[in-house]
Amino acid sequence: MNDDYSWLEEPQPDASQPAAGGSVGQRRGLRRFLPRLRRRRQTSQPADQPDASQTGAGGSVGQRRGLRRFLPRLRRRRQAPQPADQPYATAFLGGQSERPLTELDQRLQALRARSLAIEHKEEWQELYDVDQALTSPALQEKPGGVISAVALSQAQQAQVDLLTEIVGGQADTAQRPAKRGLVQRAALSLPNIPRLLTSALLLLFVALPFVSSDYAPGALPPAEFAADDPQAVAFYAGLDSLSPGDYVLVAVEYGLGAAAELDALTDLALRHIFARGGRVILATSNPIAYLHAQNIIDSIRVRAAQAGLRLVDGLDYLLLNYLPGGGLGIRELSENFADIARRSMGDTPTSLPIDSLLDMKMLLLVADSAEDVRNWVEQALPEAGTRRLYAATSLSAEPLTRAYVAGIDRFDGLVVGLRAAYTYGAMLDATFGIDPQTAAPATDDSVATAPTGGEEPGASNAVEAKPSPTPLPTATPRPTHTPMPLPTNTAVPTPTSTPAMLRIVEVTSPQSPVNIRVGPSTAQATLGLAYKGDTLAVLDTNADSSWYKIVMSNGWEGWISAIVVTEGLVPETASNGDDSASIARERSVMSRFYPRRYGKTEPRFSQANQVPFSTRGAIVQLRERGAEAQRLQALTMGTVAAVLAIALGNLVAAIGALVRRG
Amino acid sequence: MDVTTQQLLSVLFVFATAVLVLTARIWQWRGGSRRTLRPVSAFERIPGWSSQAIEADRPLHLAFGSASIGEDNTATALANAELFHHIIEKNSAGDTPPALSTSAPTTVPLANAKVAAAWLGAGGIRNVHWYPQGKRALGYAAGVTAVIGDDAPPAHILAGSFGAELGLILDSARRNQQGTLAVSDQLAGQAVAYAMADETLIGEELFAAPAYVSGDARAAADAIVMDVWRALLMILITMALVLGMAGQLPWLSGPLLVVVAVVGLVLGAILWTIRRRR
Amino acid sequence: MAENTLALISFVLTLMVFSYLLGDLPLIRHLYRSAVYIFIGTSAAFTLIVGYESLLLPFWQDVQNPATSWTVLGAQADRLIFYSALLFAALLLLKPVTRLGWLTNSILAVVVVMGAAVAVVGALRGTLLPLLIATARLPTLDADLGTLLESLLVLLGTLTALFSFHYQVNASDGGRYGLGKGFRTIGKALIVTALGAIYASTILSSLTILTERIAFLFQYGA
Amino acid sequence: MNRRPRVGSSLATVSGFLVGITAVLSLLLGDNLALFGVGEGADALAQSFALPGDVLLRLLVIVLALSIVFGIANLLILHTRRVAGGRPMSGVLLASFAGTIGWHITQRGDLALLETIQLPIESALAALLCVTLVAGGARILTRRSDSWGFLFVLVVVVVLLGSLPLPELAPIAAVSDWLLRIPVQAGARAILLGIALGSIVVGVRALLGQDRSLRG
């Protein structure tokens, strides 16, 4: 085995014996050797580290000779120069023989004993041992060989002796770094001044725009993506081309660290999709992003619910289980989409009519690193037929992502960073800029127009009674198998003009939640859950009144055991007359869906997509607007500070280097 | 290019790579290359750090980052493991085994196995750190700065998969005057490594690292295979370009590309042999 | 907990992390450290929670349900897959303490190789082939001269940068002279340029996050 | 040097080899019906071809999902040991871990902790990263005082300036735009191709059982 280090590892036969020339006068022992190794390394550290040379006070030129000087020479004799030209200490420890073992202190003795015990393990056992079969023993050079005979020349020996004289007195200063001297520790713990200046400069500049509007340089981003950024234009056009019922796979691939940069884009894109009537399948290969995505979608949903727009977990959006293993999980998603979707929903049979990536209209990726972009491009895009990929990335992922967008056919649009988010928001506002309160029915392009005040926020309870067509995609390859009523079935009893009393049950069982079942028997499948305090409208009872047929807030019908509820009557107007009350009730029901209770079944329903287009646009309007403009100005200031710091720091360094050379 | 052609090309590529890997191994084993690997200064620092760690009785810090077996960066994790194996082995004379850190849980068994197999010294206390989690893991970076920083390693060898969070580790290492070697298969991490680490490798050099550190001829075989493929790719691109520019042929048709691939392969192999002979 | 308390906690934690900037001062260093330790603890816990609730539990329930099946092989096969996965993981976890080295090694080999297979397939079909094709297809003759030149430049740049990775050099001159040297220099310049641009955009990215934190501090302070 | 293969390592390499070849072929070819002709049974053939890849993938995904346990176990053991070894700080970690789990169990699914503790610390760390990156950028030439360092600094400064929305800097923005469009694109492509190549070569080596890690 022609291993270029093997000679270093081979102990000399008489290594444990005191060598012949091992006189007391020869101080080239381990103790002498090791500190020198250390000191030399330290002096060779970059010159900008002032403390580095402190321990090497004796770091004269002479020290640099010695081992490093003669080692290359050793190597050259081997005719096989290796890149690594410094020796490993292990080898030296093993090779040391000039000093009687008994003179060494305990630790060094132990080190040495161990280094002798080390044999270079040879573990190359190839498959079918091809190498072995094809290699004749003659070709395998024995380790040791030439090299073990090499000794120091007289001149080298003299040099080394001289060195030993010079540094000998300090040999015992070998210390652990942990036991630094007091002064040194104090120096270390003092803040590094240039660094502190840099931080202060940066923080100051970033903070200024928040303090006073006088420091607001630079123009805010335009209200529309510029034509010279075709990829951003394509991104907007792509998302805007969605029609109601289209599914979009949204990959949320960023952790909380990038939330401040990418949340705005995610939020806008989701709202855009919802506003176009699309449905969202969220996927992520990052566990924390899984939780974070829940929060994002929940905040959208809660705001939307205030405007009477219901977004429903399981139909309008679905958060897929977290995909473990990065690219592998994404590959698994593209191979077994239906399976993952089913598992993500619990074991409720679902009407989700998708079973592969091909049922998506497009893929949308929000990512903070080029790696994630690469993973989705490599593992999902090839499996997605002709579907296109759109991406929103952080600035740090931009250069590489651009290389991909330019190079890969079905990778279409790209928006980057907070600036794009600002423009994106402005564009959405312009597109969906209809005030939700005064929505004009004429703009409704997708669903049968609801003529009677259905556009009012909060009035969707009334709308849902009307038989509007379900905008489920019709071109799905697999027929939907829904053993339960479709969302459009009579939801709440049709409002009548005369106030009437509505028969309800309230869940009173101390053991909450209780199951809502498909039929009047505990043997039936579970359809959903009801919680203590929930009220449910009663449609019917079974023969012996031991089960109530109820309608869930989503419009689905189910059965609940009489044991766990108490019957009552409420004025029917409360359910659809008073907006605020109905919203409040709605939200209290909605809050039952938040947070997701993993592994439990929950009612799923959809009404958002039956709401006219004009009102759906409200979902865009309803977003929280942060201090985006201020943050953008702070970003500009921060960039200026960064440029200043980098330019000045490097200028000083360059001048310093010139002075040192001159 | 239709799917079938792509798949056929892929299979061809994998097969050819396999053949090349085996051939290069055998060839390298027999005579060894007369050409040397181009010098990479970063590798020359490792022995010094190793010595320092032994002398000061501190653990070296070897970091996988988010390189994980079973995931898409398996190759990185394997190359790392190989590199770390050599470093640990050469560090075996010391009292303290190196600290390995990773943010990918699957790498924990691998790292443990590596220490167990390569550490020939005493103690053998496994010193593998996992911090949560995954790619661009600030938790991991912070964990390294706080926890491993406490152990005061003389140097950090950060060869694996890191994002920009590498900046935190490098900054804290510099503050404590610890040496750093950094390389990442993620570009953001690579850029940070280039700007802030004492020593850096670039991208692919990571995959050739075992060849440098071990000096093992067989490890160098991989570097050779990559060289060959790179040359072939360059030839392929150029040929496809020329053909495409000529516009004479309905280029990018499946069969044509296969022909080009085969011709390129043969040409490359011939060129390669000639250069060897010389 | 009241909104205010939560905001106060966030505020204090943010400041604790920022205390890192003050350096390794005796007491202050513990602020940063404890923030980091808290952070690692919670994020490990969240990772575990997500792993359990959103992965293992659904898998487990799925296996119990005879009505669903992962593959054409049916529910029995699912169960087999699931239990062997459990066994695999257990053996890997116990690798340091078991004597079944050959078995755990085989399992490790399977995991490694599967990962490698996915990586190889992905790298081939996702990156290598598409980028090769795109690179070669870059210059379209009917485009105007400027575009053509630009795309040719990208192409040549890609080639030279690829070349600069070449590991082997002639032993005689160490790769210091000749045409190879020139190409290598240009290629390296391109790579350094790319890295510089990425570094700059990484700074911008983290600056964006810094602005958010500062905005939060101000918002709370006000 | 004993070079006789052990039973265990052969088993590992052989099983790795078989699994690897199956997985690569299955993943590469399994989804393409055209490859199997259009005749009767082609569909079934393609499906059965894709099956091993699917099964293996599934198996691995579950193993990976379970692997989180390795990480957690490692973290807890290590830090318990550190607490025992007189490093009380590790106790903070253990406490916050236990606290989060406890919170999650008692406050079923409430994500408030995520927003209150996790988010601020992680954002603050990312913000801190900004400072370290700028500070690191300010001393590039101190460390690397050659033409490469100079080029690097130049590109960083130009790209940063180019990102500023100031009309006075339009020429610089143009340069930075050109940089990003041509040289950066070329360099990034080369690095991407290089990494893909590296993964393939190392991956294939692992498939062939030539990797030492398989023998742990």
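For clarity, chains are labelled A, B, C and D in written order, and residue numbers in each chain start from 1.
Assume a residue touches a chain if its C-beta (ideal position, glycine included) is under 8 Å from a C-beta of that chain, and two chains touch if they have at least 3 such contacts.
Computed from a predicted structure; not experimentally measured.
Chemist: Out of every possible chain pairing, name the one holding the most C-beta contact pairs.
Modeler: Top of the contact-pair ranking: C-D.
Chemist: Nearest whole angstrom, what separates the Cα centre of chain A from the Cα centre of chain C?
Modeler: Each chain's C-alpha centroid was found; their separation is 8 Å.
Chemist: Where the CA atoms of chain A average out and where those of chain B average out, how many Å apart are those spots?
Modeler: Comparing mean C-alpha positions, chain B is 23 Å from chain A.
Chemist: Determine the centre-to-centre distance between chain A and chain D, using the mean Cα coordinates as centres, and give it in whole Å.
Modeler: 10
Chemist: Roughly how far is chain B from chain C, centre to centre by C-alpha average, rounded to an integer in Å?
Modeler: Distance between chain centres, rounded to whole Å: 15 Å.
Chemist: Among all residues of chain B, which ones touch two or more of the remaining chains?
Modeler: Where chain B meets two or more other chains at a single residue, that happens at 7, 10, 13-14, 22, 25, 36-37, 39, 68-75, 78, 106, 109-110, 113, 116-117, 131-133, 138-139, 142, 146, 164-165, 175-176, 187-188, 190, 192, 194-195, 198, 202-204, 226, 230, 233.
Chemist: For chain A, write out the residues touching at least two other chains, lowest number first.
Modeler: Where chain A meets two or more other chains at a single residue, that happens at 46, 81, 123-124, 126, 188, 192, 195, 199, 202-203, 255, 257-258, 260, 287-288, 291, 324-325, 327-328, 331, 336, 368, 374-375, 378-379, 395-397, 399-400, 406-407, 598, 638-639, 642.
Chemist: For chain D, what residues touch not just one other chain but two or more?
Modeler: 6, 9, 13, 17, 24, 27-28, 54, 57-58, 60, 63-65, 67-72, 75, 89-90, 114-115, 118-119, 122-123, 125-126, 128-131, 133-135, 137, 140, 143, 152-153, 156-157, 160, 163, 180, 184-185, 188-189, 191-195, 197, 199-200, 202-204, 206-213, 215-216
Chemist: Please categorise the chain-chain contact pattern as a line, ring, star, complete graph or other.
Modeler: The chain contacts form a complete graph, every chain touching every other.
Chemist: Applying the document's contact rule, which stretches of chain C touch chain D when the two form their complex?
Modeler: The touching residues are 1, 6, 9-11, 13-14, 17-18, 20-21, 30, 33-49, 51, 55-56, 59, 70-73, 77, 81-82, 84-86, 88-89, 92-93, 95, 101-106, 108-121, 123-125, 127-128, 131-132, 135, 150, 153-162, 164-165, 187-204, 206-207, 209-210, 212-214, 216.
Chemist: State the interface residues of chain B toward chain D in the complex, per the touch definition above.
Modeler: 3-4, 7, 10-11, 13-14, 17-18, 21-22, 25, 69-71, 73-76, 78-79, 81-82, 85, 104-106, 108-110, 113-114, 116-117, 128-133, 138-139, 141-142, 146-147, 150, 164-165, 167-168, 170-171, 185, 187, 190, 192, 194-196, 198, 202-204, 206-207, 222, 225-226, 229-230, 233
Chemist: Please name which positions on chain D make contact with chain A in the complex.
Modeler: Touching chain A: residues 1-3, 5-6, 9-10, 13-14, 17, 27, 31, 50, 53-54, 57-58, 60-61, 64-65, 67-68, 108-111, 114-115, 118-119, 122-123, 125-126, 130-131, 134-135, 137-143, 145, 150, 153, 156-157, 160-161, 163-167, 180, 184-185, 188-189, 192, 208-210, 212, 215 of chain D.
Chemist: Touching chain B in the complex: which residues of chain A?
Modeler: Chain A reaches chain B through residues 2-5, 34-35, 37-38, 41, 44-46, 49, 51-52, 80-94, 107, 110-112, 114-115, 117-121, 123-124, 126, 130-131, 134-135, 139, 174-178, 188, 192, 254-255, 257-258, 285-288, 325-328, 368-372, 375, 378-379, 396-397, 399-400.
Chemist: Using the touch definition from the top, list the residues of chain C that touch chain A in their complex.
Modeler: Contacts found on chain C: 21-26, 43, 46-47, 50-51, 53-55, 57-59, 61-62, 65, 68, 70, 114-115, 118-119, 121-123, 125-127, 130-131, 134-135, 171, 194, 197-198, 201-215, 218-219.
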